[in-house]
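First chain A sits with chain B, and in the next complex the same chain sits with chain C.
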Partner chain A sequence: MEKRYINKEGLAKWFGSILNSGKRVYAPVRHGEKVDFHQVHSLEDVAEDYIQTTLSAKSVIFPRAEVLFSYKKDNKEVTLEDFNPDSVPETVIWKIRPCDAAGFIPLSDIFNGGYDDVVYAAHLNKTTLVSFSCAKADDFCFCTSVNGSPGATKGSDIQLTILPDGGAIAEIITDKGMALIKSADDCFESAKDEDKSKYLADVPVYFDLNTVHDKLKEAFSSDIWKQQSERCLGCGACAFVCPTCACFSIEENSKGSHGQRIRCWDSCGFSMFTQHTSGHNPRSTQSQRWRQRILHKFSYMPERINDFGCTGCGRCSRACPVDMNIREHLTSIVK
Partner chain B sequence: MNKLEEKAVSLLQSGVKLILGYEKGDKGARPFFCHTPEDASKLIYDEHATTNLATYILKPELMGHDKVAVCATLRTLRAIAQLASENQIKGENLIVFTITEEGNGDVKEFSGIDEINSYLTDKELEVAQLYKELDEKLSGMSREEKWSFWVNEFSRCIKCYACRAACPLCYCTRCITDVNRPQWIDPWPSPMGNMEWQINRVMHMVGRCIGCGACTKACPVGIPIGYLSRKMLNDLSEEFGYIPGQAMKDGNSLSTFKPEDKENFIH
Partner chain C sequence: MSKSNIYLPYLMRIEKITQEAPGVKTFRLKFEKEEDEKEFSFKSGQFGEYSAFGEGESTFCIASSPTKKGYIECTFRATGRVTNGLDALEEGNTMGFRGPFGNTFPMDEWKGKNLVFVAGGIALPPMRCVICNALDTRENYKDITIVYGAKSVNDLVYKDELKEWADRPDVNLVTTVDPGGETPDWKGEVGFVPSVLDKVAPSSENTVAIVCGPPIMIKFTFPVLEKLGFKDENIYTTLENRMKCGVGKCGRCNVGKLYVCKDGPVFSKAQLNDIPAEEY
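Take a look at the complex of A and B:
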């Protein structure tokens, strides 16, 4: 990893050069009280002064709905048009939080574990993540309890830590990151001898992740699932704002003689998610679905892909209409 | 022990198995399922108690077959009254009480749906500040501008269906969005599909929505969807004499036919 310094003017110039290079740039944009990732065309579009976007940046690489292939029927002739990886443009996600960048690691393990999911991999390979370390956090943040931190670089290609003078410490973590600064090499200076940790938010550790993992091994038949989930309404808000939730359904957009097959986000919190054609539902109650959500992230994923399905971004807790606070529920499992 | 806790303890000691109420949460009051007298001290009731608890009453997996009591806010009372008028609530296992508005924490238990209805008669349904602002904003717009305003708002919908889940009157056992043979509404977000879903939702709610705002509050991306239902309430009030926030006395306006209904709207 290389460390450089970039001043305020240099940052603006570098950002401009990224835009001018023709790459798609996604960054947090404000809409009323909410901030979310959208394509931007100037630095002024980028939101300031917020803790976290409502949705994660997941959709840039794993879109809410993605056409896998299209088909056309002409009498008995069927023509298929497959997903074209070359159709995905080079993309930069600017000002992603460290917890969001980390979210792409379990997501990639799911889609690209064993073999590459062509569609997911096409987006991933063409996307460069420029994370900004966090100077502020709120009570919903708990990255430090799930192997993360406000300055964690895992998953990022470049990480910037903004300094009081408006400049930034730039940590260049991957080759992709190096390629991105090459386009504006003259904006960067050699690193000053400065420790970024004093510019980071203080996020307390709420629970020990390994204890959660151990406790869950014996918890399948526990009463806690019913207790915790009583107020859960069974909507999909938590899954849809989550940076690591990967469940999807395959839908058909059929228009007579032509159509598309579309991959759409789904949620294990929905009762329809496991509904069988026979009418039987192996997860017929919300407590079973809540158990699945927690066990998948904190028990099954560490066993299958050696990574937890949670980066402590706190979005599910912020988005939940009935205050299902995941950090609080995990803490109570440890007790 | 405050009056709410006293009431809860006495109910739980006299055969009630569950009290639906509120406890302190990270965002103010949140729904709380109180099963034991020991837990009754956690019960709170304040202006932050905004979740409509009537949403839980129709979930058999939570209610079981035991006696349940609900610590109802005005919003919850309105929803219970409407659900009762739609024959969705059987009174015998449900006890409803509220904390009266006088401010001394007095608990009032209702003898039945009729008493809830009469309690609600002089309680005017407030219009949220957000909706007043929208009224002002939209009133100056042309039809086309209004359409593009809502297309733009709904373009942010992620179809998480939190609005549906939070609504006490959205209780279809199989929602039209979950029907896939045929697939009436696109399951993925799309400009037309999002509009279809929201129009469907609003039209399904006309004359039934009690204006509690649970849908707007639940929307994680902040679309003011409850405004549309609130607007419909006003239209109904003008056209059918409906009083916003109260259950219709003789059936829902748009699903009831009477031979003497005027037909002057048909041209």
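Take a look at the complex of A and C:
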């Protein structure tokens, strides 16, 4: 992996050049107490000094609602207007956390596995991920328990580690990352011989992931699901803030002779998710739905796509209105 | 139009509508574009996403046999928003279809065997595809037995084909209606499907059983087949979990580690033994 050094002024200049290139740039922006990814137009827009955005950066590549195609009805005739991949602009996600960047690995496995999803791929192919390694973490973070780390580069195109002088070590992970560096090559210097690990947050390992996976094989009929989820409201916040949750619905948005078929986020925690028109519902209780959430992420996904559906970002625990804490729940499964 | 977008449906012309039973219709659908028809092929057991533009998509099997070229058929009961939207369409109207999706009944492996079909209610359509396929390639199979039941005489679907099958010397068709569902001139059985199957008692020797029906019917049919000596790997059924995408992405039909849309909808009972029954 190639490394470069960029000083503070260079960093600002490079960021300016990305903005001027016409690419959309999404970065964390502060709105009151909340920090979330929004399109930015200057470096001053980018939030400083926060642990984690409320929502992940998932929506930049997998939007909350997206038109899959449009149609027009004219008497008995129907004409279709296909999704146009060229309509997706070149995009940079700036200052994404390593756990969020890693989330796009399982997401891509789901969307591109078997049948290619051209709608997802159009966004992914046109997006460059510039992650910032984490100098700080909080009690909700557990990336090191799920194959991640505050300096993990999996899923990133470039990773920056900010140094005390305001400059950064830039690790160039992919060709897409290299292209973004080359677009402002003069901002960069050759890398100093510096170990980034001393600038990373210390995130303790809470549980052994393989033990979780093994224990879950026998846990389907366990009482733990009911115990853990008795207070669950079924609000679905955990799925909406999650960087790896991919479950979606396909809905109709039509008015008169025009309409669109739309993909929108959904959640296995919602009671209607699996309900048949007949009324039959294989997962009629919240504990069944909580079990599905955990088993899908930590048992089924590793078996199907060789990757876990969790990157340890801790968002679901921060967002939960009844303080369900996934890290604590997984730790108790191991015990 | 590029077919590379997996969510973009084929445009289908409704060529013929048959009222099968109260609330139940069969649509015969032709591809509006010749190139779509040319590139399309499917096998027995596969399903699709059928759409009424303005209402959305709904999942049903392809009810016609792959041996019938130039069209596909689907049978549905008007129940929710989409199926009521489809129900309101007329012959000559355009609707959408995505597919074929999912796996198939292993009809090649069944060559030289007896086939026993057990179906209840609106679950005959997924089986009709296989039955018609088997009848169109009749020389490949030995005895064919069909046990089909519905709530009432009026609720039996494919009435014309039932007559046809009843008249064939090479098909043993047994139809039944739930107690109270019979009419004065009803000549078939009266009773629930599992007990009628018990009475018909087809031999399990060199035989494959295919069971489709509501969950409660399947639950009581499996023990009867077991009693008759059928091994789990010779019993097939389809799962009917709710779906949206049909291509293993939306997460809805996840049952254990399997996706009904990709790994199914056809499963042997032996396969089902490995996944939790309460998930379907």
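By definition in this document, the second predicted complex is superposed on the first by the 334 of 335 C-alpha atoms of A that agree within 3 Å, B and C clash if a C-alpha of one lies under 4 Å from a C-alpha of the other, contacts with A are read in each partner's own complex, and residues count from 1 in each chain.
As a working rule, contacts are C-beta pairs under 8 Å (C-beta built on N, C-alpha and C of every residue); 3 or more make two chains touch, one makes a residue touch a chain.
Because the structure is a prediction, the values reported are computed rather than measured.
When the two structures are aligned on the shared chain, A:V119 is found in touch with chain C, with no touch to chain B.
Touch criterion met: A:T285 reaches chain B, while chain C stays clear of it. Once the two complexes are overlaid on the shared chain, A:S317 sits against chain B while remaining clear of chain C.
By the touch criterion defined above, A:K198 reaches neither chain B nor chain C. With both structures placed on the common chain, the touch criterion links A:H41 to neither chain B nor chain C. When the shared chain is aligned, chain B and chain C each come close enough to touch A:E252.
Of the two partner chains, chain C is the only one that A:S299 touches; chain B does not reach it. Contact with neither chain B nor chain C is seen for A:K335 once the two complexes are overlaid on the shared chain.
Overlaid on A, the two complexes show chain B and chain C touching the same residues of chain A, namely 249, 251-252. Every residue of chain A that touches chain C in the complex is listed here, in rising order: 68-69, 71, 73, 76-78, 80, 82-83, 110-111, 113-119, 220, 246-252, 254, 259, 261, 263, 266, 268, 273-278, 280, 282-283, 288, 292, 296, 299-300, 303-304. Of all residues in chain B, those touching chain A in their complex are 25-27, 30-33, 51, 55-56, 59, 61-62, 156, 158-162, 164-166, 178, 183, 186-190, 214, 217-218, 220-222. Partner chain B is touched in their complex by these residues of chain A: 31-34, 36, 54-55, 64-65, 139-140, 230-231, 233-237, 239-241, 249, 251-253, 262, 264-265, 267, 270, 272, 284-287, 317, 319, 321-323, 325, 328.
Every residue of chain C that touches chain A in the complex is listed here, in rising order: 1-2, 4-9, 11, 51, 53-57, 79-80, 83, 92-94, 96, 214-215, 240-242, 244-245, 247-252, 254-257, 262, 276, 278-280.
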